[in-house]
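Some structures to go through are shown next.
Shared between the two complexes below is chain A, which pairs with chain B and chain C, respectively.
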Partner chain A sequence: MNLTGEFVAFFILSVMAIGGAVFMINFTRVIHMALALAFTFFSIAGIYLLLNAEFVAVIQVLIYTGAVSILMLFGIMLTKHRDEEKGSIAPWHSVLSFIAAGAFFGIVMWIIYRTPIAGEQVDLKQFGVARLGEAVFKQYVIPFELASVLLLVALVGAVILAKKEER
Partner chain B sequence: MNLMMVVGPVLLLFIVLGFVTYAILFERKVIGWIQNRIGPNRVGPWGLLQTVADVFKLLIKEDIIPAKADESLFRLAPVIAFVPAFAVLAVIPFTEKIQFADFAVGLLYYMAISSITIIGILVGGWASNNKYALLGGMRSAAQMISYEIPLVMSVVGIIMSVGSLNLHEIVEAQQKVWFIFPQFVGFAVFLIASISELNRTPFDLPEAESELVAGYHVEYTGFRFAFFMLAEYVYVFAMASLTTVLYLGGWNAPFGLTFIPPIVWFILKFSLIVFFLFWVRATMPRIRVDQLMQFAWKVLLPLALANIFITAVFKEIPVIGKFY
Partner chain C sequence: MYLTSYLALAAILFSIGLYGVLTKRNAVMVLFCIELMLNAVNINLIAFSKFGLFPNLTGQIFTLFTITVAAAEAAVGIAILIALYRNKETAEADQYNSMKG
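The block that comes next holds the complex of A and B.
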């Protein structure tokens, strides 16, 4: 394996992403967890950038690092943010979860190595934002509209549920 | 990697710091004149060293971290707030040559990276362990998120006209007509939303002295406080540049006055926007918190959506269509 800049960048970004996830689980205060999660989201945007998916990377930062993280921080601050999680997990519990996680990892690796990655190299210039827009609004316009209607229904449903509790 | 890649950003940092130093002095002078005062005139000739003295005072102040504050987050928050402010400058084309990254989705990059600053403000307010700071942080986050939506929606008209998110191409498209004319509604929405994003008067509710003491940075002193302030003024620089690029034709010369170099045109238009920000600050009263949200969702957002619709319709009309 030759040491290119891309490889170094990928290595740093994946360590950042995994590190953020590990810290998110290990922190005891909820707000630290939310920040670690935001950090993971941000590192994943960097990996998208390495894959030449600029639009997806920027949207990842805008939606996940920006909006979703702030929404979580807001939710935490408006509720019981001074609480600390207590480590009251039984010892056999962690052994069991370790085995489960290891098995899942094994299955994923097995699938990855079994699946042949088909397809030839293409010119990356073709896959810009314009191409994405054409695909979404011409080829896949009906699934796209269905997804937006679904989100709208979820939004209206959430408002109705919140209104009910007031009475 | 050539030398300019290393020296360029450092040079830009010093230019931005110089801008911030004199923008603060200029702001105080302008507000002074508008309010029939002289403004700072004691330190140096014409008050030229006033900001330098102020910054020096901040740097030699005692560095206080409140005993009950969340210490690590308290230290981290100014960094999270400042870094995006400088990072957004990377995609802004100052002239045809002077641009650090010709990013294909530059406009969205600006919007995305600038939203990270909100996390810094929110965390700073929370980590201070102070009720006023927390309220200020929450207000700031709510305000900046609400106004980010009309801000992004107002530039969709431009994106539709140009057919690109690249800032360089957006400037190229304005060689004949600046977008301020065909996209005037979009420009108005963008300007108002950008003032609100900058947390400046009349939208400076996050630091409303009369009700919140000073907002999210109540507990901050010295260097860390200076960083929050610096982030705010670097955003003034960035937002004025972005407004110039999007609506005032960037470095393009009006009326064919091309003998004046493009960078001078850019600086002139940029200074006009900066002056406008100070002018608004000196003349407008602060708006109320309930009016703030209603204004964003009931006035600015429908206007921005209407602008998108009008642009789409006008694009199809034969004679007017060539301006869109």
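The block that comes next holds the complex of A and C.
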């Protein structure tokens, strides 16, 4: 494999993303886990930039590294935790989970490397924010409006669920 | 060739998230791992939108909608978690066992 800039960038970004995820699994303090996951989301935004999805990369930074991480930090701080996360209930539980996740990973990788996906090289002129906006507001305008309704419903539902009940 | 490496990265992230969902006791961390799995799926969608059989913008648009739904899911999930915490005084997922037979 020749060493192009895209390959080097992909390698660094994927190592950052996987490293953040592995650290999230291994850290014992909850706040450290949240920060590691924010790092992973940030690296995934870099992966989107590599794939010519600039708008989605910016949205990823705004929503995931910004909003969702802060929301999760609120969730962490509003609930009480022992500082250290205890292990699983039974000692065989984590081993069994590891075997299940590993088997799933093996099957997926086997399928990925067996399937011949011969994609043609994409014409980069049809990508870009302007084309994306045209497609969203012309072809996909009804799902767009439905997404706004969904967000409104989620907002109202979250407020009602988290509201203190009066007895 | 490039497509397989992106798909492999997504598969690795998804498996890590699956392992976290199965083993973490803290309900907030379970939600976090679900977000990680959703992100892995988004990488797949964007990779197919550039290197797939019919590369076009639809993958990116689909990813935008997925991110919207995931944000709504995170907000409602945190709200449910806070309501549960108020009733049960704990955030450990294995303590929520009042529906156990």
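The rule we apply is simple: the second predicted complex is superposed on the first by the 150 of 167 C-alpha atoms of A that agree within 3 Å, B and C clash if a C-alpha of one lies under 4 Å from a C-alpha of the other, contacts with A are read in each partner's own complex, and residues count from 1 in each chain.
By our rule, a residue touches a chain if its C-beta (ideal position, glycine included) is under 8 Å from a C-beta of that chain, and two chains touch if they have at least 3 such contacts.
Everything quoted here is computed from the prediction, not taken from an experiment.
Colleague: Which chain, chain B or chain C, is in touch with more residues of chain A?
Modeller: Comparing touch counts on chain A for chain B and chain C gives C.
Colleague: Regarding the shared-chain residue A:132, is it in contact with chain B (first), chain C (second), both, or neither?
Modeller: Once the two structures are laid over each other on A, A:132 reaches chain C alone.
Colleague: Going by the contact rule set out at the top, does A:93 touch chain B (first), chain C (second), both, or neither?
Modeller: second
Colleague: Taking the superposition as given, does A:18 touch the first partner, chain B, the second, chain C, both, or neither?
Modeller: A:18 sits against chain C, while chain B stays out of touch.
Colleague: Of the two partner chains, chain B (first) and chain C (second), which one does A:31 touch, if any: first, second, both, or neither?
Modeller: Only chain B is touched by A:31; chain C is not.
Colleague: After lining up the shared chain so the two structures overlap, which partner does A:110 touch, if you call chain B first and chain C second: first, second, both or neither?
Modeller: A:110 contacts neither chain B nor chain C.
Colleague: Pick one for A:70: touches chain B only (first), chain C only (second), both, or neither.
Modeller: first
Colleague: With the two complexes superposed on chain A, say which partner A:58 touches: chain B (first), chain C (second), both, or neither.
Modeller: The first partner, chain B, only.
Colleague: Across the two complexes, what residues of chain A are contacted by chain B and by chain C?
Modeller: 55, 59, 67, 74, 81
Colleague: Can you list the residues on chain C that touch chain A in the complex?
Modeller: Listed in rising order, the residues are 1-9, 11-20, 22-26, 28-29, 31-33, 35-36, 39, 42-43, 46-47, 49-53, 55-58, 60-61, 63-65, 67-76, 78-83, 85-86, 91, 94.
Colleague: Residues of chain A touching chain C in their complex?
Modeller: Listed in rising order, the residues are 1, 6, 10, 14, 17-18, 21-22, 24-25, 30, 33-34, 37, 40-41, 44, 47-48, 51-53, 55-56, 59-60, 63-64, 67-68, 71-72, 74-76, 78-81, 85-86, 88-89, 93-94, 97-98, 100-102, 104-105, 108-109, 112-113, 117-120, 122, 126-127, 131-132, 135-136, 140, 143, 147, 150-151, 153-155, 157-159, 161-162, 164.
Colleague: Mind listing the chain A positions that touch chain B in their complex?
Modeller: So the residues of chain A in touch with chain B come to 29, 31-32, 35, 38, 42, 54-55, 58-59, 61-62, 65-67, 69-70, 73-74, 77, 81, 128-130.
Colleague: Note which residues of chain B are touching chain A in the complex, please.
Modeller: Spelled out, the residues of chain B in touch with chain A are 70, 73, 103-105, 108-109, 111-113, 115-116, 118-119, 122-123, 126, 134, 138, 141-142, 145, 163-165.
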